[in-house]
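Lettered A, B, C, D and E in written order, each chain numbered from 1.
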């Protein structure tokens, strides 16, 4: 156990515990806040995996964007006066069985598979430059495609959420 | 065993993935279902990055994760719009009550 | 007169009635007088048949055959070329039959002009008679067994039409149907017999078949098949000639107009069976002949016992017909071929006379048929009475009548047969029946014509029939006198009928399958030659001589006894018939109810078939239509338990599978809950199942 | 021969008529009817022209050169796909002794059915359009010599039939129509599968020397064309050929209909309008047996020989079973329907014997049953039109009220029970002669003779129940047959009696082909010397 | 990036599409009062794209990357892809035409620009799906298409069911693509790449990680299976089809399914096939039993689709199940693993496009009038609206696969491929399914013709445009049923899938 390991476990526990609360707590607001911790935890994991830029993006996009969006969602779909925003559950038993099986299968697959592990040739200081280069070379097409995708998302979201002229 | 290896990351992502699916399946509130989806995407991202690092696949894994994050944002936007639309229509967002279309 | 002219004349005789039928049936509605055309045609046909008969008997000792190919098919190796020929064969018995059929048919036509007067389907009636005459002549003239079968069926149809002529009466249409169907039972046998012959000989022509048998070609190389062929073809005769067990249709057939009964159900059609057996006589084996003899004897006995108690004038005559037909068949079975044919001819005349006479009575009595309501009619209808009496004497076998001659020959034949083979039961039955015949025929005469009238109302209105009805009676009664057949009133053997016209043909079957007294050509020393043809063994001829007088006296004695008893019962009232009937009530009812045979058939064959049909129909609806596999059976079983058969097993496989599909669909449909989260649970399960199903280890 | 493509004309004339008909406004129902009548009449004329130019000595069956009035064009020809070889579908029509009687029958029955359709009042235009479409399908089946073409025509009939029963039928028409549809489709999927299997087993050598896979029926009959690795090739040691035979047989048997696949028939018949029952019984049922003779027999001769007894057995069951069930019916039309089951049994029995007499008899019986049953259904139609009931016990004494009608009924009934001098007798007799003639089916033939008896039983009983006895007062207003009905009955009666008296008129047409077929299937023609391409 | 110019040449249709999309958005802003011009702009864009697609080369790689295998592109242009792109363009053009007369779409005229923009988004996504040879590109283009279609499913917002369809589609789609993404990540972990060709190369070396590979495959198939709506990933289909506007339903049932199948075939062919012999039979890498999986899935798919359809009373829903069943038949073309199967799918898809579009066109025209798709609306329709009813019958018969319609030819080729592969049992099951399917297709026919017209019976007189549109669909259905040579020839020339032959 070195610091690396300890940090990993720390982030892992933050991620999983908060994720667990996200999917179990009955209060939607709590849930959203636990999701915040999960995102942070994942960002931490990214850092451990030498993906610094990604970690930043994770926090900026997820925490700064998506989470806020979700919170807006919560607010807009519940009456503000109702402090105790609770939600019910469904499919508990079949879901538990299914997810149990799935998790078992996945975890065992993860553990027993002989993944390709190669020592890193040389870890660069930062990934930004490399990522940037890749984005405009090999992944240029995908990059452009994502542009269109965001445009579509914009149009779509605006179109569907807009209040119609009555 | 406590020595962190690739498997540790993968197990983490596997559990996160499962929790995400669990959330999607069990939560009644549509927004919470969306949270579950985000968890799934995150777990896949962890995989990409972890594989890339340990397998020495270069930066492709991180690029993929980046793409997925962008996509997640777009999807969240659309999803929230649809949920709002549902709220307008049904005045609640309990997914299991929205079952007029069946059989 | 050349052969071809003879042939052409015969063909003309054959087709004239058909043409008449066609014209009358199509135009009869518009021209009600057309029946005269039919009568005229029959007169012409009769004259032609006289010409044909005389020229054939006088100038053409050989048989005349004329044929053409009707159907040619095939050259496949299994069958070779199949030629089906049509043709006619004119020999002595053909021309005799031509004469008989045409004569009686003509007389009946004339008779019917009065008898059927005022019927609403008057012309139709005559057209049917024409059709019948055509078919009957076809049977007589044909030279092959397929044509025989064809006309056989046509005769059946015309008989069907005529029996059911008054179809408004249910009993009449029932009787027609019964006649046709019962006949068909026999026909099936005949048809299979024909098939056996055709399969082996590849032809239907009698002569060719006999030729091949003579050359040693046996069906399927087995004598048993030969016997079977004989018996099966004989089954046709069983049906048409009303032999036991298929005789039940004939009494019912009396529902038809009485002239029809005279023509079809007494004189001609019913004799067709006998004619058929004479045609195939040469291929009958000893076993087949024995069967035929037994069937004939048994039939004559049953019919006689029944006739004793019947009260309907036509029923009595009908049963006497059955009984006499049994005689003829028996006679053929015992090998007395010539006498059988002789009896066929004589019987035709006197039985036609009897029926027409009864028709005359019925006509006079305003369609009263019950003899218990008659009596004393001889004063009112002297001519009818006279002809009726002559015919009764003939059927009873009183000397100087034709019936005596032919019947005596048959009795002698049975006696000889008994002596030669040891089958004594047959002569015993034959003689018993002779006595019974005399008894019941005189019972009929006495009750009808003698004594006091029992129904005065009807009696008062009775009168002698018009001339057109009486003249045929007289002609027929006249023909019941011996002189037309032989100069010798007590023995026909030397008469022209038997001596020069009708000869027993030589059998063609292998020796080992014959009766010992009907041996083959090679045993010359024991053969008797007549007219240069070998007919019977010496032994048989001698036995016949031995039997001749014995039979004559015995039959005379029995006939006398029968007549005497009849007088004692019904004329002099020495015995009371009703008291006797009361005493032996069981036997009496047994006889009166015709041995309960109709009831037996109804209970077994008829209802059996109908119920099978119903059962199968149910089966068809419920099961076949229900399910091929066991599921429907199972469902039926279980649902029967709960008494809900119909509710559950409704319509068959198709419905079952429709139900099944629907059921499956319904359950599939239930998966579609409308809840998206449930769908996702399914998906997760599906992923897991697929994963474990396709795990590569 | 004839200078114009007569087979195409006779086949597609109804479709042309249908298109013309669509341009007639639907109010002019008279012109629609007359147009249809004209089309079917022309079809009859064309059939007669065919007959007049027919060569009685040309065999057909398996060799192309002895087929007559051949029309052969390339229809689909696809090359260059290595995995399937080269594909070829021909537009290939031709007739021989097996199909000529059927073509005649189709033309005649269609014509009669058109007359019988005269009192259709509801959606006249649609009715006759579908009717003509159906006509094309039927004719096409009998003239097609390419399996693909055959199959298209085969299926083409389904939909018009569905509508004709479903729209113009009786009270349970929907059920009957869908049952007919599903049942026959179920049968034809087996035919389709076998067709594809045969397609992969047959190659044809073209003029330029290339071998192509083909749907040509005649090519399929020649063992030399069999591809060694084809799924149904003769060289194939597995029993797939056997299974394919059974499958295709079942497909055809449903159409016949053979026990136990017959249950669609009573429903379809009872619900169908009279002209459609006439078509159904008169022509459609023949397609099953025709298909077996045309396709099953020559393509799988060795299996046919193996299964003779079984085919005969089912023939026997059909005869007896159909007759017994008919006995129990209370509905006139249903009775006739079951009598069809019984009569088609003779066809099966005759075919099973594999003798010239038997097969001739079978084909002749197909023709005769077509005319006789057509007449029977017309008879039912006439009485149903007037009385609006078909219950056998509802009538009685109609003979007094409708004497002419009763006359025709008698003719038809006696023809149906195989009375000599009517055509049915000859064919039944030939069937029995053939089937009794061979060891295999002898016992079956003997048992089947019971059918003759039972046939007489139910027919005469029916005659009695409906026509004899005292007249039921309820029916004393019924009219006798009118001129139009006479126009249907008289030609049929004439055909029935003419062929009963002079059967050679029909037998000569088929004889040469039947001989060849029997020899071919029996294996007496071992090598086909020329492959005819 | 020396090959950038060359790559751009290869993606000309996609570029045109993107430009058209942007033009649409701009026009939408410019003509915000009267938007009548927008559909024509869309049409022009589609036609231009179609032309460029026709001009596409028959093979080529765009955006090649330097990899351990040398230069491998993530975007393949080949005749197979072009075939599907043409199909997509045709169906898109038809959808634009349908939208002219759809009452639902006419009610949202003010948002028509967005509507077409989203459709263009879908088209673009599908174009990329068809050509993509890299899993991450597959995933993202799938998402592009999905996001557009989520919105489109609920686009009209006229009724509750629109929103509901949209939500269900969204959640179901998001989960499915999430599963797929996770599967992709596993493939990435196993092979170090997401490129089909590289994955293929690595998979050819036997390795011990078959369980994980199977896991990844199943998860990826969940994503594809959801697009082609194969059992057990079909559950969204009926609900969304019923809820979505009918134009979108039609579009989803054909175009997005086409894209899904193109992806499935390309994915399997290039990733899991080691070589293909001279007869075009594929040798599948033994590491995963795709064959059994797909056989079972296809049988389940067609059976469930057909049997459930028996009970439907809503025409859109019925056609949804029918389209599920058709997915089952189409999968049969995949399971034979040969070029023959692909040929059958290509033929079938074109036929399917015609007949399914035809059927939906009629349903749309009827529902324009009645406002619902209930089967009872069709009672007696055959007497009041003969042209529509007759055309509908022809489409339904074709869907059932009876001659002489094109549907028969499609099925025939599927069965030919099956028999050629000696998969008789499967063929019989499929044929029996055909019989079952007939039942519910005929049920509609029954309602139109066998049920009497009542006072409620609609009289629908299609305008000239719709009449032409109907005929344009009916005539090929009949013509290809009788003369299918051109169709087969075209499909035959489109068999080329870029791969490691």
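Just so it is clear, a residue touches a chain if its C-beta (ideal position, glycine included) is under 8 Å from a C-beta of that chain, and two chains touch if they have at least 3 such contacts.
What you see is a predicted model, and the numbers here were worked out from it, not measured in a lab.
The minimal number of chain-to-chain contact steps leading from subunit A to subunit C is 1. Common neighbours of subunit B and subunit C under the contact definition above: A, E. The most central chain, judged by the distance from its Cα centroid to the centroid of all protein Cα atoms shown, is D.
Computed centre separation for the pair subunit C/subunit D is 38 angstrom, with centres defined by C-alpha atoms. If you average the CA atoms of subunit A and of subunit D, the two centres end up 71 Å from each other. Rounded to whole angstrom, the centroid-to-centroid distance between subunit D and subunit E, based on C-alpha atoms, equals 43 Å. The centroid of the Cα atoms in subunit A and the matching centroid in subunit B are 6 Å apart. Shared interface positions of subunit C, defined as residues touching 2 or more other chains, are 669, 672, 674-677, 680-681, 684-685, 687, 691. Looking at subunit A, residues 90-91, 95, 98-99, 102, 105-106, 109-110, 115-116, 142, 146, 149, 152-153, 156-160 sit in touch with two or more other chains.
Annotation for subunit D: residues touching 2 or more other chains are 182.
Applying the touch definition to every pair of chains gives A-B, A-C, A-E, B-C, B-E, C-D, C-E, D-E. Those residues of subunit D that touch subunit E in the complex are listed here as 75-78, 80-84, 87, 123, 126, 151-152, 155-156, 158-159, 162-163, 166-167, 173-174, 177-178, 181-182, 185-186, 189-190, 192-193, 196-197, 199-200, 231, 240.
Interface residues of subunit E, counted against subunit B in their complex, comprise 136, 140, 143, 147, 150-151, 154, 157, 160-161, 163-168, 170-171, 174-175, 178-179, 181-182, 184-186, 188-189, 192-194, 238-240, 242-243, 311. Interface residues of subunit A facing subunit E in the complex, by the touch rule stated above, are 105-106, 109-110, 112-116, 137-138, 140-142, 145-146, 148-149, 151-153, 155-160, 164-165.
Residues 21, 24-26, 33, 95-96, 98-103 of subunit B touch subunit C in their complex.
Those residues of subunit B lying in contact with subunit A across their complex are 2-23, 25-32, 34-36, 38-39, 42, 45-46, 49-51, 53-56, 58-60, 62-63, 65-67, 69-78, 80-85, 87, 92-94, 96.
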